[in-house]
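Scroll down for the structure; my scribbles are underneath it.
Each chain gets a letter, A, B, C and D, in the order it is written, and its residues are counted from 1.
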Amino acid sequence: MYVENVAGRPVGVLQGGGLSSTALGIWLAEHGVDAHHLVADIGQAPAAELEATVSAWRARGVPATLVDLRTPMAELALDLVRYQARHDGGYWNTTGAGRLVLVEHLAPRLLAEGRTVLAHGCVGGGNDQRRFARYTARFAPGLDVYAPWTDPGALRRFPGRAAMLDAVQDAGLPLDEGSGADWSTDASLAGASHESASLEDLAVPVDARSLRPRWSRWPAGAPDEPQTVTVTVAAGRITDIDGSGPDPVAIVGRAGELGARHGVWLRDVVERRIIGTVCRGVYEAPALEVLGAAWLRVLQTSLDQRSRALYDQLSATLGAAVYEAWYAEAAARSARDALDALLVRASATVTLTLHRGTARAAAVDVTASGAPQQTRFGTGGNRWREPVAV
Amino acid sequence: MYVENVAGRPVGVLQGGGLSSTALGIWLAEHGVDAHHLVADIGQAPAAELEATVSAWRARGVPATLVDLRTPMAELALDLVRYQARHDGGYWNTTGAGRLVLVEHLAPRLLAEGRTVLAHGCVGGGNDQRRFARYTARFAPGLDVYAPWTDPGALRRFPGRAAMLDAVQDAGLPLDEGSGADWSTDASLAGASHESASLEDLAVPVDARSLRPRWSRWPAGAPDEPQTVTVTVAAGRITDIDGSGPDPVAIVGRAGELGARHGVWLRDVVERRIIGTVCRGVYEAPALEVLGAAWLRVLQTSLDQRSRALYDQLSATLGAAVYEAWYAEAAARSARDALDALLVRASATVTLTLHRGTARAAAVDVTASGAPQQTRFGTGGNRWREPVAV
Amino acid sequence: MYVENVAGRPVGVLQGGGLSSTALGIWLAEHGVDAHHLVADIGQAPAAELEATVSAWRARGVPATLVDLRTPMAELALDLVRYQARHDGGYWNTTGAGRLVLVEHLAPRLLAEGRTVLAHGCVGGGNDQRRFARYTARFAPGLDVYAPWTDPGALRRFPGRAAMLDAVQDAGLPLDEGSGADWSTDASLAGASHESASLEDLAVPVDARSLRPRWSRWPAGAPDEPQTVTVTVAAGRITDIDGSGPDPVAIVGRAGELGARHGVWLRDVVERRIIGTVCRGVYEAPALEVLGAAWLRVLQTSLDQRSRALYDQLSATLGAAVYEAWYAEAAARSARDALDALLVRASATVTLTLHRGTARAAAVDVTASGAPQQTRFGTGGNRWREPVAV
Amino acid sequence: MYVENVAGRPVGVLQGGGLSSTALGIWLAEHGVDAHHLVADIGQAPAAELEATVSAWRARGVPATLVDLRTPMAELALDLVRYQARHDGGYWNTTGAGRLVLVEHLAPRLLAEGRTVLAHGCVGGGNDQRRFARYTARFAPGLDVYAPWTDPGALRRFPGRAAMLDAVQDAGLPLDEGSGADWSTDASLAGASHESASLEDLAVPVDARSLRPRWSRWPAGAPDEPQTVTVTVAAGRITDIDGSGPDPVAIVGRAGELGARHGVWLRDVVERRIIGTVCRGVYEAPALEVLGAAWLRVLQTSLDQRSRALYDQLSATLGAAVYEAWYAEAAARSARDALDALLVRASATVTLTLHRGTARAAAVDVTASGAPQQTRFGTGGNRWREPVAV
């Protein structure tokens, strides 16, 4: 889709406030496109910054609206933990999760107000472009998608981020923190991902010279003293961490503060992309890793052997679904239903130790469990006791 | 099998020098059994200690022989890394690997010298008892297995480890480090596992009060400064770490020293046992985790998407084979052949950072690879470059 | 458990009316055991025969009760079709399903009337003995199980089926059709399995000389003319075959008559047993194969690609659960819930052709589908049309 | 790639002699393209017909060469049986296998004689177009691929098969049997696939009115009498069927004649395509199904439980590899190596019964096996005998 096809149609812009979507807004304005910018709050920045973005567009005569999506974002973040929905068996794919929340909540809204095109600023040819396309087709069938970095005209106008930065600065528009000519950050309350020229070079170590984290301290700068926190799980759901109470935004927020302070899950990943290539990025997911460390201990003590095998199978399915953007399809919904049923018996209190980049389960008080326990030393140490169900 | 069936037959004892196998030796001597004690060196203790064990038995008129198995133990340890053969997708099962090395090399030797019974001191009803039985049937068919802690007579004589300790002290026999009335350690150059009454209690945190590690420092006591080391992989095999040279014992030894100094992989696991129950143990596998961190980065950059999927499948098969003691069967041999073929193209140099309990790949210099790389910032940052094969 | 432990306790006998459970009844009577015989009707024989069995025991002063379980048996048979819950990816395990129905419905009833022992006549050391044990532990915890062919006394009294046959004939008790000294049949409305000395010999072909089928004609004796029948599926459930109407007993009954007439699914299987050995048996499952042929066509046209992948995964899980007797455990229940959710959209009418041992889908009228269709000849034959969702 | 880019370059045509590739030849000639037609013999038609095709092109001044590929085609067909490499767990994908043989042997030959473009006539947007592209990139990197039915000019000249048929008839060129305006057949010695407008309509039954099979009789027209044949397997390879001797072409040829006579594996499939859509086709694979029936019985008796589990996993991988055209990639080669190692112990003689559409193993004489057998009636019928390894 080219800008010529967009001109004259009512467009909705997913305006994150970063360099690329700000440049998209300028590009559409230069073509006189009628565009409503939706600025979603998924916890990527302080509310004041997001309001400043809205105000700046309005000041230019461009309609803009702030939409608070922190609750669905936090709920999905907790699902990632519950289902251990990680990519390639490993990393917390918070960007893929954020795309789902944005499209699920904003695309139907755009359709409802009569917009016929959804525009976003994601990199051409990458994972996120596919995710926006797939989720838009699912949640707002009929809404066309405009991705400027597949439009030759837009690429001529902005051959790269340096040109975008010039245009944004000329326009006097604000930019979020993660926006430079040669680096980029995508954030939400669930975490952040960072890309840059040096991060892409596998031979260059990731450290304070190559990256300024969004939320996290480097482990070397984390407190000397370990910190102990308690996570409560009731009927298969995390209901509290360190006094947060049960509100999802509070749980994820508290876990994120704790994890970031101790440098938990700030790491590079050589990531397999949707089309099978690999590239390196750096990820922060302190909240998910802190909660995930507790959750793994709960799984170990709450699922019998066959239930755990089924859990692991379905967990891998859901990890792929988040990454490849089919989390809302029938297969993924069915897998989630199955896991919800399996997990409903899980209740426990887990004590975690956070220290210099690690979150580890120290102790668990299992109040209901399906995994039979067996001990040796209770018998004198030379034979195993009969299995005991808690 | 009861001691009555053993009396009068030539027995070989797998004598580790720990409490349980020392008590087994006393029990057999009390029944006048003709027993040859084989003391294998798989790196579990300094050679001098093992020689002391041999001397002590000989001094009592019991034939005893030291057998150096450090090379096959190190080779298997490197296979665990190459194949990522971990239990339940997670922990490094060094005890299961040690059992294989012992039986593969000692059981045929016992048969060859005319012994008809193999005796070992493992806990009754547990994983290791099954492992000794399965591997003996495979490597020395016809050799019977005597496991005292399934023999009611032996259990009456030694109702628990306290009774064993009394007997061993009365006899003036030496004991290895990991042997107390209420705690037990199994070690090899690949790692160590610890069990005790308090470690089995899920509600008790594991720390310096509940455990004295065999090889490792606690992360809190590890050096303040990160250490950088280099791991070389050539044609699918680790050929050097930090100047070790290619000898397997040197590689595993050097990796173990480095990892232990920084407290890498000293952790508790709520482990799913062969029969499906769970219990907690504590594990040290500093060598495997250090080498494994480098190896994962090699996998990420050396295997195309389908090769990686096949690798992960077969890796899970081999993890189960090590744990459940069928690593020498046709299915496991076939899986190993397939992975060897897949890995032969992998060559790279990985720079690792070791610090306070963590080993992380910092950089990798890929000299041959099958995974196509893709970057974004080389293009200006708003579209992905075509995939590039190294 | 020995008969001495049973004497004096109130026992419930699962009385199938075959040779082995009739001999069990004699054995218990010879020891004066208070035994209530429950004769379940799972469609294994005409009602008159089952009533005759009840009457014969009562005539000997032994309490006996007929329990109609045809509806739960038919419901489970339809579940096997819905979930394609086959063993080793292949055969219809009707015996495993029958064991579940018997224990789920009879064991709690025995407990409720104060019986403390459940006795059954299954072969010692085989699959069914394990199934009765596992399901009894699940559905009636606390009810002990007595299996005579693991009791040395019973084995001395009846060293084999020839001795049982003599005793039953001496006692004048009736026997069901599948009961000889050297052959045995297990049947239900879902099918039948046959075992005998010659059937166990892999080198002997299975034909009219070695086997008299329970329900089925040999394909060579089936009608010359193919028969066309229609199967209706609505919202994921089979609701009719050939005018049967929606009653499960009617559906399975009608499908069974049709399939048996045409010799559908009368075949030998070299079956992998629970402990991993293999042996040959012969199976009849005409109802399941006829319905299954229709069902596969429904799956192909009703599930999108990812849903089908998930279906196949969970189907394999449930096939194992039926065979290994954990169909009522949490993991299996969760898998069934997930599949129920996936299948709810499947609605279609399938035309089947039955002929000389085969049931094939000839045509399908898909009224609702999730699998996008694509055709070539509609475009002139040299390019594929865009996918169309029904 | 458009014909304008092809003009002036030396082109190689994969000339099957069917409607589409004959029209491709006409189209290239109309543009004066220098094209060498390679007519491969993969057993799709009598040699005389293939020679007639070669002669017809030469008579028009177009260079054409007959290339005998029956041996590699038969070897690959036997691999499909050995690995049970079927699509979606079910059908014998002989078309996918044929594409591999063609490109592996013809594309490097074209490169070697200086051709820079490979042209083929496959349907636009379908599986085979993807297969030709993938295999050409693998076996002849640098050779461009011209697919006319993605070229708008060619589609204007030939909007469909009717237009092609007119042009071919006008040109007086011969056509193979499977070539009509509204139907198409792809064949090799391993089988045949049929597509047509009516076959694509799921609501129309497949029978003698809708399809004329290439090789097979309809079961209703097959002999009344069953036929018994013997298949020999030695060291993991089929070495004879019914006196064929060990030549692969002879084995596949003899198996095909037998199967076709009895109507074995002539059936429709609602096939999941590479992109996830479904459509119906009709397939003949008499040779593969006859040999496959024997092979399955060999697997059941020759692989222990874990080996069979690994076999099934890798077999599924290879079924996908054949369908999706990555059979020559590292992952597939590794899977084949692993299965070759597993199968080397399999040796047996299987007696098959062929009758009216079915091929069934009647008996097997196992001369070497890894699967432990267990029988019941040898013990008197009330307990299982200890497992016996052959």
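Everything below uses one rule, namely that a contact is a pair of C-beta atoms (placed from the backbone, for glycine too) under 8 Å apart; a residue touches a chain by one contact, two chains touch by 3 or more.
Keep in mind that this is a model prediction, so the values were computed, not measured.
Identification of common neighbours of chain B and chain D yields an empty set.
Per-chain CA centroids place chain C at a distance of 37 Å from chain D. With each centre defined as the average position of its C-alpha atoms, the distance from chain A to chain D rounds to 46 Å. Note on chain placement: the centre of chain A and the centre of chain C lie 48 Å apart, centres being C-alpha means.
Across the assembly, chain C contributes 304 as residues in contact with two or more other chains.
According to the touch criterion at the top of this document, the contacting chain pairs are A-B, A-C, B-D, C-D.
Across the complex, chain D is touched by residues 20, 89, 123-126, 149-150, 155, 158-164, 181-184, 195-197, 200, 202-207, 219-220, 226, 267-268, 270, 272-273, 275-279, 297, 300-301, 304-305, 308, 312, 351, 353, 355-358, 360-366, 371-384, 387 of chain C.
Taken together, the chain B residues at the contact with chain D in this complex read 304, 306-307, 309-310, 313-314, 317, 326, 329-335, 337-339, 341-342, 345, 370.
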